[in-house]
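Below is one structure, written out as structure tokens; comments come after it.
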Amino acid sequence: MTWPERHLRLCQAMLYVAILAAWEILPRTGLLPRLFVPPLSEALGALVTDRREYLGSLPTTFGEILASYAIVCGGGILLGQLVGSSATARRMLLPVLRSAYAVPLVVLYPVMMVWFGLGSQSKIAFASIYAFVPTMLTAVAGVAALSPALGETARAFGATRAQQILYISLPASLPSIVAALRLGGALVIVGVIVAQMLGAADGLGFLITRHRTLLNSPGVYAGIVLVLLITGMHEILLRRLERRVAAYRQGA
Amino acid sequence: MRRHERLIVAAVVLGLFALWEALVRLGRIDPSLAPAPSTVADALIRLAGRSEVRASLGVTAWEVLAAFLIALPTGLLLGFLLAELPVLGALFRPLVNFLFGVPKSIFLPVFILVFGVSIPQKVAFGVFTTVFVLIVGGIAAVQSVPRELITVSRVYGATRAQIIREIYLPAMAPILLESARLAMVFNITAVLLCEIYGARDGIGYRIAAWGENLQMPQLYAALVIVAAAAVAVNEALRAVETRLGAWRQGA
Amino acid sequence: MSRALVAIRGVSQRFGADGGAVTALESIDLEIPNGQFVSVVGPSGCGKSTLLSLVAGLRLPSSGTVLCDGEPMAAPMPRKVGMIFQEANLLPWLSAVDNVAFPLKLRHVAKAERLAAARRMLELTGLAGFEDRLPHQLSGGMKQRVSIARGLVQNPAVLLMDEPFASLDEQTRMVLGDELLRIWSETRKTVIFVTHSLNEAVYLADRVIVLSARPGRVVDDVDVDLTRPRSFAMTAGERFGILKDRIWQHIKSAERR
């Protein structure tokens, strides 16, 4: 690392330390009302003291996340592959989907609650709808970006359609599939938590809301920190997967 | 899309609505869960006539506009600063990228703790959700200005003000418009989320209330109104974006 | 002999501070009379572009003076010195005619007047009929023609050209080279033309300046005594080959070092 780079990293580290220190000190001095922002240690403390409660909310939450993940990534990516490989389908569907992206899907949650009640089904339905289109669009873009030369070369060697998909399209679109997984996963996690916040009987989002109504701000922040940990871990895992997949492609 | 393809898409959409209508009338779909399109259309017309509903729409629109007007200059200016002052930019970049990637919706309870359930709370949350898109957009816009064009302008004796007006602004316009459009999408979603979560007025509040009271035709009608409004705003902004960015094709 | 239009006296150019300083040019002395077409060649990194930017007034020399028509070039003087770059660098959101009129717009020339001047220049460079095209609708060669028209629109006495044809294919280069000579003979500007191509350097110019590798010094000043108008057939002739070879000997030994 060159000296300016080292200098930069040092300044960045100092910045982060300063922010964390401010989070701890400012509420204690009363400059930031404790109700709005509790000291960092209290928030983390609440996480530890109430850990049974928080950990207890995880099975439901993870279950809903995983179920939505399967629907979005299975269905969304598969559909994305199909649509992406046909120029006609892309031409017809993409403008519609891009316009539909503007619709604030959050308004669908009250409908989900009417249909499925407060249980897990409404969360899974909502998160799946919320994440479906963006994930599919990513998968479509990935397939559309594939060089047609690859397919033509395969056909020149007499490959059947199935062989083309198996040996050319699928491996070639792997990086974009992982990118779609990454996006879909992030949206699914947010979708589930937000749905739980809006109306649920269980789950991490439900806990956060409950602490908020009780004006227990350390509890609220503890929940938020936990959500950030979950999204952070997901992000790290998927970036690692993305790198490994891209490495294969470059080696090819 | 070619013309006949447009017709096909329109036909499919209409067909789906017709199918829905038929299934309700045949008793295959429970109208208490999903009322027929004709019922929803009816409710829509009646809602449009009710002044309290129009007032609620006005409240939501006001919150969206206020949040957007605050976030737009703030975010873009911060973005410009981070791009033009490389020291600041390098220092804050990882932080901005991190905050950009964090889901903002989960912070909604914090805003209620700070502001209580109120209009300032919704506007503040809208600003919070939107400002990061604009910061990133501002940075990207400044970085998209080709440096060579600035050199060319200097050769032709342009003053600093001329370089900003003749080179920076036209070059940045497409990216700035695109981030403004995206910001608006996030903004509308954020404000509606606030209203559904906890509010005293606004169309999101009414949607949540109609849901709780199982008043499905009104709920669906409101969904149609909100969706149509959001898409209309998005398409309007996109039209401006396309016109001002026509020179980018082929680049 | 007419007074030199461009005078470069004792010019050296250094970049960077003491420890890591790089001397791009050293003790350059050149006098270029009015109306002369001069090529500048040299191995990569010899400071050709730096020299051009000094004459354009984009930089100040570390030592020595650069004069144009008796005035030191302390800042860009677009009415005296026009510059054409390797990339056309057209403003992508402006049509061809607006791009050519751009320097005049910067000087607040009235719209009707500047558009008329721009159209004349586009006609001169062979682009009549393409005025309203956007850059993305023009080929590489056409974009360079627009760039040349833009460089000429303020009628500068000196035209600086920094490898303007380098990113074009060979056939377009040849066509544009002949076009450039036609425009030059009609307008009689003083041209300083930097290029990597020895063919181009000899074919186009009255005089070829050869620079050494960094730090760039003038190692040869070749008088190109081929008759004008130049023709493609000349490039196969003996004289052309001798001139090229003379230049190549300098560059060859420099590149090997």
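Just so it is clear, A, B and C label the chains in written order, and each chain counts residues from 1 on its own.
Note that in this section a contact is a pair of C-beta atoms (placed from the backbone, for glycine too) under 8 Å apart; a residue touches a chain by one contact, two chains touch by 3 or more.
Since the structure is predicted, the reported quantities are computational estimates derived from the model, not experimental observations.
Centroid distances from chain B, each centroid being the mean of CA atoms, peak for C. With centres taken as mean C-alpha coordinates, the chain found closest to the middle of all protein C-alpha atoms is B. Averaging C-alpha coordinates per chain places the centre of chain B 50 Å away from that of chain C. Measuring from the averaged C-alpha position of chain A to that of chain C gives a distance of 55 Å.
Each chain gets a centre from the mean of its Cα atoms; for chain A and chain B, those two points are 20 Å apart. Considering their complex, residues 1-2, 5, 8-9, 33, 90-92, 94-95, 101-103, 105-110, 112-114, 185, 188-189, 192-193, 196-197, 204, 207-208, 210-212, 214, 216, 219-220, 222-223, 226-227, 230-231, 233-235 of chain B touch chain A. Those residues of chain C that touch chain B in the complex are listed here as 56, 58, 76-78, 82-83, 85, 87, 89, 91-94, 102-103, 105-107, 134-137. On chain A, the positions that touch chain B within their shared complex are 8, 11-12, 15-16, 35-37, 88, 91-92, 95-96, 99-111, 113-115, 186, 189-190, 193-194, 197-198, 205, 208-209, 211-212, 215, 217, 220-221, 224, 227-228, 231, 235.
On the chain B side of its complex with chain C, the touching residues are 146, 148-149, 151-159, 162, 166-167, 170-171, 246-251.
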